[in-house]
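You will see chain A twice below: alongside chain B first, and alongside chain C after that.
Now for the complex of A and B:
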């Protein structure tokens, strides 16, 4: 091997130096991205805390960091919205990667609030009995130890706790913040993975029923990876179609208003088969995340297996983020294609509403029941998405906001009802709960009524908004199916209420643990938001209305 | 001046609010507050009346718009008042008779502990009744309509410790609900047909006619019949008449004011006010006359058999309102006379009831006429005023009833054709029966030997004249009974007064007025004579004889309650039972069947969820394939 060859491989020949054209530094609007940056920063700090802070004080430090970061990020969102980034100053930031507009800010705000409540439920340490004098939370003492092994026992004895869940949560939230505001397909995909991977992990670290938890995590991971692969394939096809990852450019190509064509791509560009397949596959990836039929199969297993605080957070925030991304994709990138995607989405919405509602009827586990309920709700929200009107956007935004609080609250209540084996999630154990703990049962009844969409709860206002938008958008038949599914769904919600209030309590029934103010706050916030949005929804509907315009 | 209209209602409303919310500390002065405010309302009415008289007949409609009550899209309901000659007539009657009865009640209710509440209810009634006749649209009228219903309910059941009173109040309320339903349906029909229910555009104001006549006759007939149903409920016309007799459980001033002079005539007001609708619906008008004619005889026959003085008078009220409804059904030839009879009836029937109250007051609240007798010596003032009322109601020449009832009989003949003959004949027959039952009441109460006995506790009644607070109103009303008819009729004063609002046309009677008057006189003498022979010449047994079939039927109100029980109560029970059966078998069958099949489907779908990640992945793959295929297919189609 000659010296010159080596030279040419490893160094730049001085003579061959062409003048390197100056690379422009990307222009990043840090202030406008601050919510996401704060959360990512806090997550990194959380990792450092794990490394450097003594074990005893990690829990408090982590909770503190997480809450402060989320609150700061929320204030940043509010500040951005207040200074008009949601309406008049909405624009595309970060060299076209991130949109800062009404829907993005609204959903980010919702995710951050859900995140704060999520941290509260994660941090709850009074429900499980103390292990060797240490207060413990819902997470395994040491996630890496094999369930039932000596090392696990040692970890429990030593009072270990998995405080890593807080940075993991923050990473997930940061991905979720980017997801609905992503303005090119690559950012979308990265955000998808950033929020999915921590969630896979979080599913695996339940303190009780670890095997089930791990099984759930594996399933979630496998199926999530499978879905991601489809999404990625779709992204590739769309790139092939448009020659760009950017939403705006793709939209231009779809509309036929593109100005300059890259000659290298001229062969494939504008090929509608690529567009249609790409669209279908990317949409499929998002439908997987929202849990729409037939991509919903992971939902019940994962919801049941994951630690309940994780389930609550995941059910709320993932749905918000994924629907935000779906809305942006369909409204910004593919509005010109709506005659192609609407019929397909119609079908998906119908089978999702009916499937979720029907299968929920025969569930016997409260967490699985809520999982199927979340599938049905995904169908309802899809009905609003299909409206393809400003009303459709704002109704979906409102629904997501209302739904996330109900969901977190409901799962938080589930963590309270316990027996010797941990949470008593089998429905038969909930019989007569209303006699034993009227307050908890009443609160849960409020959440169930909200799920069922009974007037004076946020569920009614939200459902009414999406169905009205769908009906005005010409999807009357969809609304009929939606109402029928709501009727079916009402059956199993009310059945739980009847079970709680009108059945005799079992002698060996579960007890209701008294939580710390953390969980209480989460539940109270859920109740308050549910009732306020139900009784006086107009202010929030207006807010969603103002926020309902995408920047392009 | 027009701003005073609201004050008319505000005064008694204030009274009701103060008295009902004021608590015990007002117990001592409650009756004075109530009476003064009622009188204040009358004074305002008089001022407005004077002002109205000063204007030419064309400008006598006063309106006052207060505020927009409900405005949703095209639907608009205002709170506004319309005071024209028709409302003015009612306002004067209501506030005038109302004030007198307030005064009377001071004496009558003197020993009642809940007197303050009683006056509060009376004031509430006045306010609601004034709202009813002053409203400038049907929706607001409906508010007043329900308001008087409420006041009536509260006052019938005022002595709620008596189960019979509580039951009677409930009965009145329920029967009235049927009529109220008619009014609400009529209002809804008007709104869907015309897009409004305001009097102005609907019924027309002076100078231009309203749009009420523009709709198809079928719709107008439906509206008119619903209005008639409402009128039947409030005015105790067949078939909704059954509550009025029981309503006599209320204190007698209430019977006089609400169940004789004012509220029960609200149905007549409604029909006359809606003249534009009825004029365009001749079929409905025919039904109105039939209802009026039937009730006229019905009430009169019931009145003949009752031994309870108030119930006899209640039958009479029903019958006299039957006259008014009959006249109102005749159209423009009858409207004015319906209202005229309404006013004169307000005087003499209120007077009669107050007289009856006075008798009861002196007789330890005894109402059975068989235990009265010979009271003229003990209660001279009552006897004279009651007697004048009696002469007025039977149509003694020169007294009020003579003028007003005669006009109705003439108008009935003037309807023309066979209908005219039948209606006229019914009205004449009614006049004869009226003379009979009123003479019977008169003789049994004031003439013959005294028949009263000690009551169960051995108290011998000591009949005595009532205090002046009670007799003065009776005297004033007696004046009205005597002179009102002549005053209205001489020179056709009343016709000219009301004509701009209701319209008036002289009918073409096949029988001359003189003939009608003569026939009436003959029948009057015959009716009164039979009564005299039965009750004046021979003694009246203290316990009622068994009586003829008709008497027994009439005592039971011609089996109206039995009819209601068999047809409505039993029928309702059967209907409910069969509906429950259908619900259990058919509806529940379908529901349970659906639920079972959904449940079955759920169970089967559930099996798809088998826990294997591989089959989930297959499902996702299949889904993705279908999604892609469907998207491509959509484009291909």
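Now for the complex of A and C:
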């Protein structure tokens, strides 16, 4: 060994040892990330509240913290959008991990509003009859006690309530806020887990029909874990392909504009097999979250088993977050691959629209019915995703906003119709509801008509927007399939209306509970948004249009 | 800015519907009067529209145009031509009679809660339908038209499914099931038609980049908008399908007998005399103007379907045992005539078709409402349950006879003029079609006269012996309608004067001229 070689060993060692002090602190734009940070902070506060605040006042403290935090986060989103971060100042923050742009802010705003209404429905305590003199909500007295056991009875008697649902909800929301704005694959995955895990838990804590609720949670968790694993595997393959987790870099590699190959990855980098497989697996994970056929199997069971306020929130917000992430992935990372993914997504959209609508016809449980309806809606939204145009993005954004309010409102109405066993979700029990409580039935009919896409409701405006974008994007055949499945779907929405208004009420039928102002607010907001977006959608279409450009 | 007359004509019943629905449960009589007053107010506005309309003026008059959803390229754009104004007037004219005839149809039964207010709902829904029908006659923006074309299904659906012939079906599960079946059938047929049209509406926007009727027609006329032949044909079919379901045209007609049979007589009138007219009207306004080439291409097939409707509807009417279903099949036959007149593509044919829409509205209303009075007395829709009514209730029988004669197009009554015009218009271009269509008239004489004979003549049946004659309210409904039938039968000029210029315009859009008499060539 020569002296110079030895010397070089020394020098290398010296230079390697030296720069430790020179690692730059990551640059975090706290103001631009404030919506997420506020919600995470509040969630942590919520955990502390569980630990330190006396049991009696926990409920009020938690509701207060959650509502204030979500409202503050929403104002932060509005402030960011008002100062131009949605349009001209859109950029990538947090060292390339998170995008602050129009779609991200629009979807975060939608998720936060859905979250506020979600908190309202979570906090409802007037629907169930009082247990041992305590007002109770939709959640188990003590989630850890075995259903039907003595410890459960003791917990109910002691008047315990699971106020942990509020911090869990906030954690889920924080994950959902990051999900559509994630700008690298690792952030995407972390956000996915952060919002999924609290949701699995929330599904398991129903006060009534606890076994069904726990079964739903286990199913959701197992299938969700599979989906996460697929996503993670896909991420690994994409890293092997591009040598980076960053959306921008992967996009450049796909376009062939990156030439400096990482020597460690020289064997795999730019290998299209990795790209195609990785893309397929990541997209699969996202399609699972939106509930698209053939990854929809969890939807009906989970929607039915979960406590109804959770179902309403999850149905709305998860869809928003997941479609946001899917849009960003397909439009920012993989636009260069659209000739590969479009045919596949075509097929997925078609089977999702038709599958959801056809299977829904045979459902006899209102929550399962709404679950299949949500699958069909996922198909309609996919039609907008496939448009691959700015109109496609804005139409999907608009649809998601419109849809989430209808969904939360509809599930909130479901919580009101009750009999001795809790919520009366079997359709036969809804017979004659229109005679008994015309107002509730009429409100539910408005939501159903919006789901069916009847003009003058938000559902029609949204459907028209995505179908138009799809038609302009050359997917005319998808529009025809969409129209046909709308017609099929209309059948079962109308069946419920027939039941409510044209059937004779049964003598031992359910009663409609009078809710507190909280649920009423959620329902009223749903109705107002549904009608306003149906009659005068222009302002919101403008918002969605301005928000329709991704930053790269 | 001048007073937005067209908007007011549609908004007044809409507001009236909301106000009627808000009337407290105990005040149902007040709700009825409110609805009647609103419908009369709408009639007054429609009358002003008719007076202000200048038949020799611009094509679309009293126009209004405001931005609505610029992002979709949609404008709130109204305007009426002669055809539109005549149909707005017809709608506004018939609704007060519908309300008056249905005065007691929605009186509450004892089931249901205190808050269940069927009476308020019934009249509010009628006014809502009126508002939506009027605005679809006025819309000159395809999207605006589509929205109300679809939305009117919902109140109509509740009217059919929610209110039956209460007098005799109280607590009758089977009747309630049949009624909700009819309502669902009505809604599904029309919704499927409407959704297929939605695909065509989107397609039209993708091709034309606009929803404005005038803009598209102009762009097509001056060649700046070219549509490929196959595109035009597909779009035409999408539009036509929806209108053919609504009209209804054989073989898409099967919802009508169910709906008309199960609904109360006033609602049946609302369906066939008012709502269905939107279908035939839209063929004239949208199919012919937007897709002239495709319209000519499809004419032979449509004429055949219309002929089948005429003959098939009439044959089935002959075979009916149920009075209301008989009128429904008769209507299908008559809609066949209207569509025949439209697609014969002659001036007489289209004038006749438009006149036919108005006259059919009035004559069906007269016949159906009297039939409804008859049915409410006996509690049965079956023809066989009646007999000899003319001896017990001569006024009822007399008005029923006039309604029947109008339905068979007796000269001197209004429908004769329009049917004659349609046949002449068809015959000049398609002699064979005209000859076959004439069988429809013969069959019409058969089914109406047999109906009259079986129910009104012969020995008095025990069940009808105590039947009271028409009451004052019922006379108030029937007398003006019959007066109109006679007046328009003798002197149809007021309507033809308004309609003819619009028809000539439509004909020039389709670039068809009337065939010249071929006396010279035959030499």
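The rule is simple: the second predicted complex is superposed on the first by the 531 of 552 C-alpha atoms of A that agree within 3 Å, B and C clash if a C-alpha of one lies under 4 Å from a C-alpha of the other, contacts with A are read in each partner's own complex, and residues count from 1 in each chain.
Heads up, the rule we're going with is that contacts are C-beta pairs under 8 Å (C-beta built on N, C-alpha and C of every residue); 3 or more make two chains touch, one makes a residue touch a chain.
Treat the numbers as computed from the prediction; the structure is a model and nothing was measured.
With both structures placed on the common chain, the touch criterion links A:358 to chain B but leaves chain C unconnected.
By the touch criterion defined above, A:471 lies against chain C but remains apart from chain B after alignment on the C-alpha atoms of chain A. Judged by the touch definition given at the top, the superposed model places A:454 against chain C, while chain B stays out of reach.
In the superposed model, A:229 makes contact with neither chain B nor chain C.
After overlaying the two complexes on the shared chain, residue contacts for A:491 are found with chain B and with chain C alike.
By the document's definition of touching, neither partner reaches A:528: not chain B, not chain C. Of the two partner chains, chain C is the only one that A:502 touches; chain B does not reach it. Of the two partner chains placed by the overlay, only chain B lies in contact with A:219; chain C stays clear of it.
Once the two complexes are overlaid on chain A, the chain A residues touched by chain B in the first and by chain C in the second are 491. Within the complex formed with chain A, the residues of chain B that make contact are 595, 598-599, 601-603, 605-606, 608-609, 611, 613, 615-617, 619-624, 626-628, 630-632, 634-635. Interface of chain A with chain B (complex): residues 218-219, 222-223, 226-227, 230, 272-273, 276-277, 279-281, 283-284, 288, 293-295, 297-298, 300-301, 339-341, 343-344, 347-348, 355, 358-363, 488, 491. Contact residues of chain C toward chain A in the complex are 67-72, 111-113, 115-117, 146-148, 150-151, 153-154, 157-158, 161-162, 173, 176, 179-180, 183-184, 187-188, 191-192, 195-196, 198-199, 202-203, 205-206. Listing the residues of chain A that touch chain C in their complex gives 434-439, 449, 454-456, 460-461, 464-465, 467-468, 471-472, 476, 479-480, 483-484, 486-487, 490-491, 494-495, 498, 501-505, 536-538, 541-542, 545.
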